[in-house]
Each structure stands twice: as C-alpha cells, then as structure tokens.
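One structure below.
Naming follows writing order (A, B, C and D), and every chain is counted from residue 1.
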Amino acid sequence: MSFEASIWYLVALLTLGTGAYVVFTRNIVRAAFALVFTFLGVAAMYVFLRADFLAAAQLLIYGGGITVLLLFGVMLTHRHEGMELKLDPLKALPAVAIAGGFFVAIWSAARRADWDLVAPVEPVGTSEAIGSAIMTTHLLPFEEISVLLLVVLIGALFVARRSGEEEGS
Amino acid sequence: MRAYFRNIYEGLKSAVAGLRVTFGYLFKKSVTVHYPFEEVKVANGFRGLHHLKVDICIACNQCANACPVSCIEQTFDRIDKENVLVSRFSIDYNKCLFCWYCIPVCPTECITMGAEYELATFDRKSLDYDLVARGERTAKRNMTLFREEFVQVIEKVREKKPELAEKAEGLMGDPRVGLCGRNPEKDKSASSGFVEEEADSQASVSEEVAP
Amino acid sequence: MIGLVHYLVFAGILFCLGLFAVLTRRNAVTVLMGIELMLNAGNVNLVAFNRFVGSGVNGQIFALFIIVLAAAEAAVALAILLNIYRTYKHITVDEIHLLRG
Amino acid sequence: MSELAQNLTLPGALLAGLSPGVAAMLVMFASCAAVLGVVALNGMFLVWWERKISAHIQSRVGPMTTGYWHGWLQSIADGVKLLLKENIIPLMADRWLFMLAPLVVFMSAFMAFVPIPWGEKLIVADLNVGVLYIAAITSLSAIGVIMAGWASNNKWSLYGGMRAAAQIVSYEIPVGLALVPALLASSTLSMQGIVEVQAGGIWNWNIFAGGPFTIVAFGALFLASLAEVNRAPFDLPEAESELVCGFHTEYSGMCFAFFFLAEYSEMFVVAVVASVLYLGGWHDPLGLGILPGPVVLMAKVLLLVFVQMWFRWTFPRLRVDQLMYLAWKVLTPLGFINVFGAAFWLILV
C-alpha cells in the first residue's frame, strides 16, 4: 500500500467513524462536535481528489460556518429538556433495513458498473478554472445563488426574530 | 447619516489620541523599582514599625489605653518609687493598624514610629513583637529561614551588577533590612555570620513554634 | 491505488449514515445533521466523478453550489426550528403536526 | 498533501536511499516538527514581548530576573511551570471534549503556519489556495472555543464560548472583504505568488496598488483580524471583568498553555497575512534583496504584532453591541467600498 493510500484509509476511517458517532451517540452536543470532524474528513477527501479550492471552501463554510450555526441551534433549543437523544427501536429496524439495502445497492452498482474512466490529470490549482467557469458558463446559477443567499439572509433573520420585537424598536 | 460618519471620525480621532499617549509612556522611565534589590525610600512621617526607647519609658500604659485595637501590652517591675523596669512591651502587629494614636499620648516621647515596613513572615505568632527584647530572636530565625534564598538571589545579581550585590550582601547582615529582624540597636551578633549560629537558632525556632 | 470505487463506497457509507439519522432521529437538529451528511456524501461523489470520469471543473462547481445551498438551508432550517421551539418548547419532529403559529 | 514540504530543504543524502513513501513521510514529519518549533518559539517570544511592552506602557519594568537580560527567559520558566502543573478537570465537565478543545484551538493555529512564505524557496507547502486556507483554518478555532466553553460546564465559560463564536463568525465577513483588494491586485490565491507579485521596492507593494482603497483595506484587515483572534479591545470572549476568564476559566496546566500558545500564534498568523498580502512579505522596502527573507518578514510581522499589543494596552474593551456595530455597520460596508474601489482603480489607473 502506498503512503497516500494508507493516509486515505486513515482519513476515511476517521470520517466514517465520526459520522457514525454523529448518528449513534445519545449526546446531541457531542454529535454536533463530531460532525465538525466529519466535515474536516470530507475536506481531506477533496484534497485527495485534487480539488483544493473546494476543500478550502468546505473548511470555511462547513467547518467554520454551518457547525457553529448548528451548535447555536442546539444550545438555543435545548434549554428545558436535557441533551439526551432517544433512539426508537421500532423505527430503528426498518431504518437499518432501508439504509443497509440502499448501501448494498450503491455498492453493487459501483462495483459492477463499467465506468468510462479517464486518466486523472494533476491540476496545478483549480481556483482559476473554477473562477472563470463561474464567470462564464455558470454565470446564471451563480447569480441566482447570490440572490438566493440574500433572500435566505433576510428570510432567516425575519423568521428567527422574536415576535415581540415587531412592535418595539 | 451625518451622525454615522461623525461617529466614525470621532472614534478614529480618539483612538489616535489614545495611542499617542500610550506610545509616549513606552519610552518614559519606569516609576517602579526593582524591589528586593533596590530600597524603596519611604516618605517623611511614614508610619512603620514602632521604636521604643526603653530607658525613658515609664510604663504609664497611656499608649495601651489610646490604642483602638488594644494591641499594646506592658509588663513592668517597680524598682523603687521613681524607677520602673519595663520587662515586656509587646505590640501585636496582627492587630496593629498603624494609626499613630499611641505616639502623641506618650508623656516621655519614648515611643515613635520608624521606617521599616517589611512585615511578611511564615508564622503569625512572630508578629507579636516584644519591643524590649525585639530583634534578636526574630532576626536570627528569619535569617535562617530565608538565608539560602537570599544568598541565591545575591549570587544571581552579582553577575550583572556587582555593586548592587555588594550592597545587598551588606544589608543581609543588617537586622533592620528585608527578611531579617527589625531592631537596629540590638543584636550586633546577628550580623557577624550565620553559619555558626544556625544550630542555635534552629533550636529557637522549634522552641517557638511549639505551643 | 485509490480509485473511483473507493470514493463511491466511502460516499455510500456516509450517505447511508445520514439516511439512517434522518429516518430514526426525532430531534429536528439531528435530522438536520443527517441531511448535512447526505449532502456531503453527494458532494464527494460529484468531485470523484469529476476527477476520474469527466474533465474540467464542472463537478466541482456543482459541489460548490451544493455547499452554498447547504449553508442557506441550514440557516433557514435553524431559524424555523427556533420559531418552532418558541411555540412548542420542543423540537421533536413527530409531534409537530399542527399547522398553527 | 503530496506537495507538502516540497520545498523544505532536507539533506538529499538522507532521502536518497529510501523509498518514496518513507521519504515523503520523513519530510512530512520534519516539516511538522519545524512548524511546531516555530510556533512554540514564537509563542514564548511574543509572551515575553507583550509583558515587556505592557510593563513599559504602564511605567513598570516587567519581568527582570529570569535570564540575565531583562528576564528574557521568563517564558521558558513559565512554560516549564505550566508543564509541571496539575491538569484539573472539573467533576461535572465533559471530560473528552474538555481535553479535546485546547487541541482543536491549537491545531487551527498550528495548521495556519503551513502556507507562510518565509523566503524565496522557504515555505512548507505553497498551497494554491493559501489565503483561503488560512482564512478557513483560523475560523476553525471557533469550534474549539465553543467546545471549551460547553465542556467546562460553567456558565461563564459558555458565555465566553458563545461570544467567541458569534464574534468570529461575524468578523469573517469584514476580514474576507478586506483580503479581496490584495487578491485583486496580485491575481493569485497562493501566498508565495502574492509575495512574488510585490517584488522590487515599497511602491510595488499591494498596499499602494489600489490607491486609497488598498490602504483603507489594510487598516480594515488589521482591525477585523484583531477581532477575529479575540484580542483586546475585542477580547469579549475572555473579558476578565465580566466572565472571569471566558472560555478557558476552568483550564489549568498544559491545556491552558495550549490556549495561550494558540492565541499568540493566531496573532502572529494574522500579522503574517497582513504583511504578505499588503506589505510585500519577505521583500524589503528598497527592493535590494540583501537581507534574508525570514528576517524581513519577521521585522514586518513583529511591527504589526507590536501595534496589536499597543492597541491592547491602550483601549478599553468594547461592549457586545459596539462590537457588532463595528463589524456589520462600519467594516462590512467599508469592505464593499474597498473591493469595488480597488477593482476600478486597478482597471483604470
């Protein structure tokens, strides 16, 4: 096994392990913290896939942004009851069946399919290519996403504010 | 809108003013001294530890009466009609608040306040000073406790500032100073050397700590 | 050598973990976490296909858009959750079935 | 990952006889050790320096005894003390998260040192997205801070952690906007590339590339990054007068030392980012190239760090609402103006 492959397996194991911890732990705050490491592992996957810009974006948005948001969500919505999570055994069995079946389907498909593989090229950095693609071929979705973000910003602020503040200052 | 820009302008202006002030202080001479190595000059009229001129004390007990916290105790033997021998004049510095009330009431002006201010000890009992016999015991004991540290400190300073080290070494023998005793008049033997007296003073320590 | 199938299996496991969380968890924030896991798995797939099958950076741009959308989705979802919490004092998804504010 | 430590100079003879995998691993460990050494030395030096500066601003002398000259070994003595101290974990704390939090904070500070260009060939890894990487990695410290605040099971710590998270997340926007003018001027995200663009004297530095806009952007970057690393006057997460010590109230011994080291490393990193993006990195002001790169970079960085410390010992702490006002109503609009202004300036002038 080459050096990179062994590192890959290590990262994959860590990512999936923390991901499983997110899913199976009973402590919701720990789940949120474990999610950070899952996101970091996925960012490392992007590094392995030579998508460096995407890895940095993943770190910035998921690691620094979304998890902080989730933690705020956890801490703002768990004042009265505890941080314990309950797992419903009645629901767990069908869920295991569904998720397991889905995984087997994905796995067999991934094994059997005849992928039209091309030899991976080593890019010298994807940020320039991504930048020019966003500004040319993908300009419309880019603009739409920026409008969407603005709408989301205002909408989230509107939804999340306390109802008492409508009349007040 | 105007207030907004005015606010920013004021903020920047005051920030620059503040930065200028602190930058000026950066190069001014420091006002603190390097305490264990440099002596702090006390102000005129500083209320430090008391001094007692035993030979003129008449044991009238007025200072003890004036004391708001009752920290003064006197014991004396009457020799004849005119003379008393003050055998013990104790001030408990656990209680004393350095209010100076004992000084003006003294009819013979035998009690005054000096410039010594280093009171820290390891044992609260040693703060109960006997002004008559003060000095010898405390001096020797504290010296044994602190001597090693003191010597180390001096050795460290010697490399850099020999004159300071020499001064400190001179002071080390002086019972008035620093970590040692407080009586300038008494006990010249304490300044002669420490090694010979170590065993002796060790004994006095254990004796004193035992209730 | 790590190939495409490795990434696909990795993403599949991650996706199924997320799916399991969405199906079993009753706490809304945890459901959100499961959704984030699934979106990440999808992103890994897109980028892996971009490297091993396609060319250019189209897959990465899709993944980038998904990341941005996930951020937007998380913000809105948490705002809604906060509002729900103020109304119901809990965020158990099974018991929120009344459409009144 | 594979390009990590490509440019790190290691004896070639050491690597010649080894297989590529082992060699890559060795190089990786060596560069990690080098970065760790830089982080530790830098932290110790900055702690001593801050103590001396604060002392002189307040007309004191600061540490004087340890070491022979102005107590310069004081940090080592403190470090040894912290290493030997007992590491106390509160009874009701979440043990695992409590132990993990300082590591997360320290790792985020430590990993930010990787793409710092010290000289022409002296860089651990010249990442293509260096600036973005540093911005992303430093924002991860928010996670560690919340983790510390929550795991301590102490209300002051939790307040500190939440404040830190809110502060770091809001100040990421002004910081990002203040980075953009320099990136526009140098049209690359790689730290080394940005430095190379600014070769040849002070007039080629990015701070003058966009006229007034880049100068203002530099100031905004400095202020906003001060807030992002929780330094005074924006040190609300550890406000001593309100929150005891904020998120690291319950920490002692080596765990506390990690927070301490991380704070000083982050100060250093933001100063490096400012000097690489706007002040020409390892190029000297006259463009002579006589001085070695690390010396020039260190001079610039230490100047900026000095200004940070000077700020800390000059200004009182802001209130939370003032902090948010500054971020959202002053620095963010200013950032947009700077981005557009610098873009037009670069096209037209």
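Keep this in mind: a residue touches a chain if its C-beta (ideal position, glycine included) is under 8 Å from a C-beta of that chain, and two chains touch if they have at least 3 such contacts.
Here the structure is a predicted model, which means the values were calculated and not measured.
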Is the number of contacting C-beta pairs greater for B-D or for A-D? A-D
Centroid of subunit C to centroid of subunit D, CA atoms only: how many Å? 32
From the C-alpha centre of subunit B to that of subunit D, how far is it in Å? 47
How many angstrom between the C-alpha centroids of subunit B and subunit A? 67
Let me have the rounded angstrom distance from the C-alpha centre of subunit A over to the C-alpha centre of subunit D, please. 27
At least two other chains touched by the same residue of subunit B: list those residues. none
Find every residue in subunit A that makes contact with two or more other chains and list them. 2, 4, 48, 53, 57, 65, 72, 126
Graph shape for the chains shown, where an edge means the two chains touch. Line, ring, star, complete, or other? line
Pairwise touch list, complete, is A-C, A-D, B-D
Seen from subunit C, its contact residues with subunit A in the complex are 1-10, 12-21, 23-30, 32-34, 36-37, 40, 43-44, 47-48, 50-58, 60-61, 63-65, 67-72, 74-76, 78-83, 85-86, 89-91
Help me check something: in the complex, which residues belonging to subunit B touch subunit D? 4, 8, 15, 18-19, 21-23, 25-32, 34, 156, 159-160
Touching subunit B in the complex, subunit D uses residues 53, 55-61, 64-65, 68, 310-311, 313-315, 329-330
Inside the complex, what are the residues of subunit A that reach subunit D? 2-4, 7, 29-30, 33, 36, 44, 47-48, 52-53, 55-57, 59-60, 63-65, 67-68, 71-72, 75, 124-127
Write out the stretch or stretches of subunit D touching subunit A in their complex. 1-2, 20-22, 24-25, 94, 96-97, 100, 127-129, 132-133, 135-137, 139-140, 142-143, 146-147, 150, 158, 162, 165, 168-169, 172, 189-190
